[in-house]
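Before anything else, here's the structure in question.
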Amino acid sequence: MPDGASALQLVFGGDPALYGIVALSLYVSLSAVILAALVALPFGAFLALTHFPGRTFVVVVINAFMGLPPVVVGLAVYLLLSRSGPLGFLGILFTPKAMIVAQALLVVPIVAALTRQVIEDLWVEYREELTALRVTPSRRVATLIWDARFSLVTTLLAGFGRAAAEVGTVMIVGGNIDGFTRTMTTAIALETSKGDLPLAMGLGLVLIILIIAVNALAWGARRVGEIRAG
Amino acid sequence: MNRRILLGLALTIALAAPAPAQDKAIVVASTTSTQDSGLFGHILPIFKAKTGIDVKVISQGTGQALDTGRRGDADVVFVHARPQEEKFVADGFGVKRFAVMYNDFILIGPKSDPAGVKGKDIETALKAIQAKGAPFISRGDKSGTHAAELALWKVAGVDPQAPPIPQAGTGREVTGGWYREIGQGMGAALNIASSMNGYVLADRGTWLSFKNRGDLDVVVDGDKRLFNQYGVMLVNPATHAHVKQDLGQQFFDWLVSADGQKAIADYKINGEQLFFPNATVPGA
Amino acid sequence: MRAPVTDLPLAFENASLRAGDVEIVSNLELDIAPGAPTILLGPNGSGKSTLLRLAMGLVQPTSGGVTWGGRNEPGERLAMMFQRPVMLRRSAAANVAYALGKHDKRVGELLAQAGLAALADRPARKLSGGEQQRLALARALARDPEILFLDEPTASLDPAATKAVEDIVSAVASSGVKIVMATHDIGQARRLAGDIVFLARGRLIERADAAGFFTSPATPEATAFLRGDLVI
């Protein structure tokens, strides 16, 4: 990115480096949320509906992991994916794939814990009806998730917020490589360390606007869905 | 039906990678000084235009960069701590060390210069800073710069970690806590020095491209002991078979060639050259 | 060829349900046989809803037992309609298809039977109270039940909607489905009943066929109830 340019000039001037960074940030964080959702939505629902020995412990741990420190997750994933580590043969360290996996790990507890709460509350309402209709346990999970879809969008947004805002994980497993693994947050960290604080702050505002835009789109989709499905 | 579409979309996004073609690319573990100064931004496009090889730079402190090389997570290591580089090769992690360029360290401090070190040599300056108890920011992160800083304290015969000694006859005590180890890169160190008007040892490259100077300026430079040599090594394919030996070799061949050395010398900020190529100088 | 599995007669054998310190139903002895609708009548809190849930297999008695056609486990052809039915967040037709397990022409037939053919694509949650009750009925009928349990289905409906529901229930009863319905509305019991099971305070007080019950109730509680007194 050109030196001394204000963030605004970069945005409206269509600076390709900035747009590349924005695209990568969205790609990584959105993919991480989708990947996390594939695991965490059914798991959270399962946790809500099934009582097994040790369930309370699992619930407490999942809730606690909502606060997993990103830098610790980043370090752990780094050690796993390093060529000297057990999964080194995958060769995905310092690539966006590693960043997606690491961010997904951060997002899973958030989506699972919030899904559990949403589904548990919904089950109180639906229990008798679904039992009377003799719905099998696996079908129950799918039905509750689908019927709770609007509340679950909010949990996914919470997960996205966490992913888009963090820097510790993607810095360590991505390496902040120019043009390849540099995201908004790592770019902000870099400009700060170069002393270009106005640009760093400007990028920060762009990031915030991006997050708001994603939330607004999700809210819009939710409203349309609610009007159509009641 | 809605569900299937969503699932399909999810899988497509997750699996399809919009990453550029990765056939010709190497990973170089380097230091924050080469990145923050903007050197790579200048020389790498020239290299890519010539060879088509994408150089992916991971910028970490020297200690971390060498560790990355040891683990086999990079193909090339490009740092500035000669003893550690030679040990890296001796331990079998690197093939051979080549000198590439040098720059110098400079002592940065507030314009008000409370320790009165301007224009002095580095040994005298460091002693004065300790005597006065003026705030000094150390990178404290096992980087090349940090190693150089510690070596200079040794030369000055000062232990910056020692508890303060009350100055006899002056009725004044030197308060402790003047030596601040932050464990971060050069840019962060400069930011902190700027905000607390402290002294800091920096490499000229990072200083020239640093924008948040506040009240800071160069107070000591030119001392022979502030010389800072950069070396480059290929990570040993015998230890890590996947290392891209051929492409990595092309990178250093270029760095030490007339072309690469010229590219390094051409990098200037405000007309001032940051790095001085010296690949051909024996014993560098 | 095996005899078809049936859940009738549905028998309560000294069944009680205790929750904490309270006995919600006590020592129920009751046989429900095929035929005209059985109405569970009684004031609020008399245990009607609990009896239905025991019969549906939604809860287990804490003592005594329930048998279905002589078996200890309920069969498949039971369906229930609740006082406040839960509408799935999808269209009316999709709700019926859900209960049916698939989407075929039976969906259309069931909706038509419930008078909801025009509302097939409307989101179920946007239907009026009466329409939702009829949809719940269509859903229950999708399971092709032998016994249909209804828990105060019209308690929150206006008279027009109530009539619509009662008409469907009568039609269903005529087609051979056994109806077991709880209500505290004497008029409704009169309109629909074959036989009456009168409950108060968790106990079965009186059992008689409709004509006999309304003209000459045998117990003081039933008499008081029919007179309009509060049976505490």
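Quick notes on this structure:
As written, the chains take the letters A, B and C, and residue 1 is the first residue of each chain.
Here, contacts are C-beta pairs under 8 Å (C-beta built on N, C-alpha and C of every residue); 3 or more make two chains touch, one makes a residue touch a chain.
In this text, all values refer to a predicted model and were calculated from it rather than measured experimentally.
Here the two chains linked by the largest count of contacting C-beta pairs are A-B. Of all chains, the one whose CA centroid is most distant from that of subunit A is C.
Closest chain to the protein centre (all Cα atoms averaged), using per-chain Cα means: A. Between subunit A and subunit C, the centres computed from C-alpha atoms are 47 Å apart. Look at where the CA atoms of subunit B average out and do the same for subunit C: the two points lie 80 Å apart. Averaging C-alpha coordinates per chain places the centre of subunit A 33 Å away from that of subunit B.
Within subunit A, contacts with two or more other chains are made by residues 146.
Not a single residue in subunit B touches at least two other chains.
Chain contact summary for the complex, subunit A toward subunit B: residues 3, 23, 27, 30-31, 34-35, 37-38, 82-85, 88, 91, 93-97, 100, 146, 175-178, 180-181, 190, 192-197.
Of all the residues in subunit C, the ones that touch subunit A in their complex are 53, 56, 58, 76, 79-80, 82, 85-91, 98-99, 123-126, 139-140, 143. Listing the residues of subunit A that touch subunit C in their complex gives 125-126, 128-129, 131-134, 143, 146-147, 149, 228-230.
Across the interface of their complex, subunit A is touched by residues 3, 10, 13-14, 17-20, 27, 32, 35-36, 38, 40-41, 54, 56-59, 70-73, 184-188, 190-191, 194, 209-213, 240, 242 of subunit B.
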